[in-house]
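Take a look at these structures.
The same chain A turns up in both complexes below, where it pairs with chain B and then with chain C.
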Partner chain A sequence: MSYERPDGRKHEDLRPITAKAGVIKNATGSGYFKIGNTAAYAGVYGPQEMHPKFLQNPKGGVLRCTYNLLPFAGMGDRVRPGPSRRSKEISLVTEKSLLPVVDLSEYPNAVVDVFIELTETDAGSRCAGICAAAIALADAGIVMKDMVAAVSCGKVAGNVVVDLDYKEEAYEGEVADIPIAMVPSTGEITLLQMDGPVSEEELKQALEMVKPAIQQIVDAQNKAIRDSFGGVKK
Partner chain B sequence: MSELLVQHKEIVVPGQILAKGMDFFPSFGTYRRNEDIVANRLGLVNLDGKVIKTIPLSGTYLPKRGDTIIARVTDILMSGWRAAIYNSPYESMLMVKEASNDFIAKGADLRQYFDINEFFVAKITNVTSQKLVDLTVRGPGLRKLRGGTLISVNAHKVPRIIGKKGSMVSMIKDATGCRITVGQNGLIWILGEPKQEVIAIKAIKKIEQESFTSGLTDTMKQYLEEATGTKVEMKAKEDEVQQ
Partner chain C sequence: MISNDEAKKHLIKALKEGVRLDERKVDEFRELKIEYGVSSTAEGSALVTCGDTQILAGVKIELGTPYPDTPDEGGLMVGMELAPIAHEDLESGPPGINAIEISRVIDRGIRESESFDKKKLCVKAGEQVWTVIVDLLPLNHDGNLIDIGGLAALAAIKNAVFPSIKDGVADYKNKTKDKVELEKLPIPVTVIKIGDSFLVDPTYAEEEMLDARLTVTTMDDGRLCAMQKGGDVPLTAEDVEKMVSLAVERGKEIRKLLG
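Up next, the complex of A and B:
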């Protein structure tokens, strides 16, 4: 089986990554993550007082994520601003994928707001959002037991590949898209969604293929955070 | 068989393994995972013998007992004042008893002592598990602030702005002739000649920006000498992060 990916990558290759930290000066912490033509900004505010008050949790802080596409982020059509069914779902899964690593027990009744905005999208936007959010949370000095990195994998034309772009997602035949978020040190999976038919063996193969990719992303994230602080050094 | 993987003052990220083996002990900003010591927040490594901790570089201020902070009155209640702590998710309470050395009669008009939106320097006397914060203004240096300029900086850079035994802030005070009060929550009050205030603010912002660089005291001495045009004397030549 010799399947050629549209952009000539190998099956296990990621698109080129750019990661930055501290891009939004007014935020407590911020991150930027670009993979191929998918770019996400994340701003973290807080821990701060939580409003509305009935959402406060006296046992610990609350993580609140908002995923949003900018109107021009789509591929041609204008994306209507504001929450949609899709963006609400992705906000929720982003929150759930970050929660296992963050520890907000020191901040009862407070909230950490994570705002994720995508300036351009070419598939894999929730993964890029999670990567940017992890950078922003670390930059904001939030207690985290580890980073989180996310990447999609899937099956295109019967081949298991990593980091699908839009052309592959829109492939005419059978396509499976599996976004995965992982805690690199433990291999814990904090997000796994499946869209499309995959066999058990293929899923296992995909999970194995994702691990080196995740490590690569984490290295880029960590470098971005270190650079944003080390960059001041003379 | 223990192995140290980082150097003193190195920047570490969450999840980074700092040391392997049971010969080292985790302290603030680190935790033990199996036999490794791992950072759980962004910070600078601080090695103290076998104890490894990290000094945070960013984030909000978490009220701690004994800290001197600058707060703003947000509300007046029956038994005292409610005050906002800047750069922090929590509010604080100043009880009538703690507000003055004089006796305040029951039913007195509390606005005479602290009115809404007034700033004051206070000490934190207690913090509960739910982060209810009690303040006092009875003590040396604790008072209501009148006039001057307030600026906000990253609360984690405050030790650097104060310097060892207050060396850095007293250098700025001496050079500019300003009165300066630094709150642990990152709020700084400056009162002096308008031009000198501007120099002091610029100097503090410079410290905040360059807080990782070594030899910062010398840089600041030079900067202040250029800005004020006078010779700055240094009391103590020490340039360490005070923690």
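Up next, the complex of A and C:
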């Protein structure tokens, strides 16, 4: 256990978090989530009528997420604007990770759009996007069973760690990166991806280690929402 | 709902008495705020807030090969995306004509002012030059994207430092302390005409009702370096004179914000 993380964190430590709600005035709801040097804005518009019409669902509203990396948000060269295969896949898994907690049954034929813009990234961008999106949905007053929080865990130099940054993802030896989204009250997992080799035992350890991290993120998200309603008196 | 025509009649009447929808004077800007260094991955960045309009600007500085006709000059590009996060009327997809016009007007202002020496962007003539690329994203759109975007672009460039070069490629992890030197600060100011009134810093609602607009980009010495007329109604020469002098005046004040 002598592995030292590049930024000196303990294995179970998250990077510093900033969470805000109500950051985009025109949006129905909005959120900002920053963890380390990875930051995302999310804006929710809707529920409103779904266009094109053939995408409408008469049984309930549709959640539609769009993840976008801004051209200057990558660590290397400028990223070409517009959707890529990567951003489309992340949009899809973001949708799936949030869907289990939102209740859109009251809004047949409607769509709730979630636009996620990453302004800077140092690994963990899909997780930061999901965290911002969950804040935005709550801020928009969408009926939710619970919050959703996401963070990556994984294995670096044979050690299970939480919230990998780019330096760790780029570690020369074996690295596994496991982004996870979780419903805190039930422990249900709504996002699970992995790249890199791990043993069953290591995966179990990672899933264990991620729980307190998720709770910490949820606390930050909830605080952001409470703070944004701070001026409202009953 | 009040129709647009009705709303416009009402607005023109109010403007004659010098009253705007948000109680500003016709020649008054909303409060401007500039926050620098908001994105760690960009070589330079800024977040500019003007009333309810908020625009994020990020600069990337890339190494590339020069154009054959200007072998010792680097380049500059400014682009704005109008993404649907900023307003319910905006849609996803490739840049539409509005975003393209805004981008080109801002880009032209900076380019034509010759505010930076493109030869200083040369690494090795004929082989390697720097290109400075500014990307703008309105986070919240309440009008006047050209002026606020132009200011955000300048602020982000001012904030930018060059990456170092390692083995012939840009090393973004090791930034230098070298700044992109802006010799002039070309400030775009848009004046809109509604009825017989001239307004600066229009909101989204005001822009929807404009008859004509004129963006005038001015330099530190008070001279103009770029203009763009928009809107469906023509302007008289007197109109243009009035609008230019308003733009010069406001431009001076805005320039001070960039220090």
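We adopt the following convention: the second predicted complex is superposed on the first by the 230 of 234 C-alpha atoms of A that agree within 3 Å, B and C clash if a C-alpha of one lies under 4 Å from a C-alpha of the other, contacts with A are read in each partner's own complex, and residues count from 1 in each chain.
Keep in mind that, in the parts below, a contact is a pair of C-beta atoms (placed from the backbone, for glycine too) under 8 Å apart; a residue touches a chain by one contact, two chains touch by 3 or more.
Keep in mind the model is a prediction, meaning the values are calculated, not measured.
Engineer: Would you sort A:70 into first (chain B), second (chain C), both or neither based on which partner it touches?
Structural biologist: After superposing on A, A:70 lies in contact with chain C but is clear of chain B.
Engineer: May I ask you to decide whether A:31 touches chain B, chain C, both, or neither, giving the answer as first, second, both or neither?
Structural biologist: In the superposition, A:31 contacts neither chain B nor chain C.
Engineer: Quick check for you: in the superposed arrangement, does A:115 touch first (chain B), second (chain C), both or neither?
Structural biologist: Only chain C; A:115 stays clear of chain B.
Engineer: In the superposed arrangement, does A:222 touch chain B (first), chain C (second), both or neither?
Structural biologist: The first partner, chain B, only.
Engineer: Give one of first, second, both or neither to describe whether A:78 is in contact with chain B, with chain C, with both, or with none.
Structural biologist: second
Engineer: Once the structures are superposed on A, label A:124 by its partner contacts, choosing first (chain B), second (chain C), both or neither.
Structural biologist: A:124 sits against neither chain B nor chain C.
Engineer: Have a look at where A:58 lands relative to chain B and chain C in the superposition and call it first, second, both or neither.
Structural biologist: first
Engineer: Is A:107 contacted by the first partner chain B, the second partner chain C, both or neither?
Structural biologist: Only chain B; A:107 stays clear of chain C.
Engineer: Taking the stated contact definition, name every residue in chain A that is touched by chain B in one complex and by chain C in the other, in rising order.
Structural biologist: Shared contact residues on chain A: 48.
Engineer: Which of the residues in chain C end up touching chain A in this complex?
Structural biologist: Residue list for chain C touching chain A: 38-43, 45, 52, 54, 56, 58-60, 62, 79, 81, 83-88, 92, 94, 133, 135, 137, 139-142, 170, 172-173.
Engineer: Given the complex with chain C, which residues does chain A contribute to the contact?
Structural biologist: For chain A paired with chain C, touching residues are 23-27, 37, 39, 41-43, 45, 48, 66, 68, 70-78, 81-82, 113, 115, 117, 119-122.
Engineer: State the interface residues of chain B toward chain A in the complex, per the touch definition above.
Structural biologist: Contact set of chain B toward chain A: 11, 13-17, 31, 33, 38, 40-43, 56-60, 62, 89-91, 129-131, 156, 209-210, 212-213.
Engineer: Within the complex, which stretch of chain A touches chain B?
Structural biologist: 28-29, 46-50, 58, 101, 103, 106-111, 138-147, 183-185, 218, 221-222, 225-226, 229-230, 232-234
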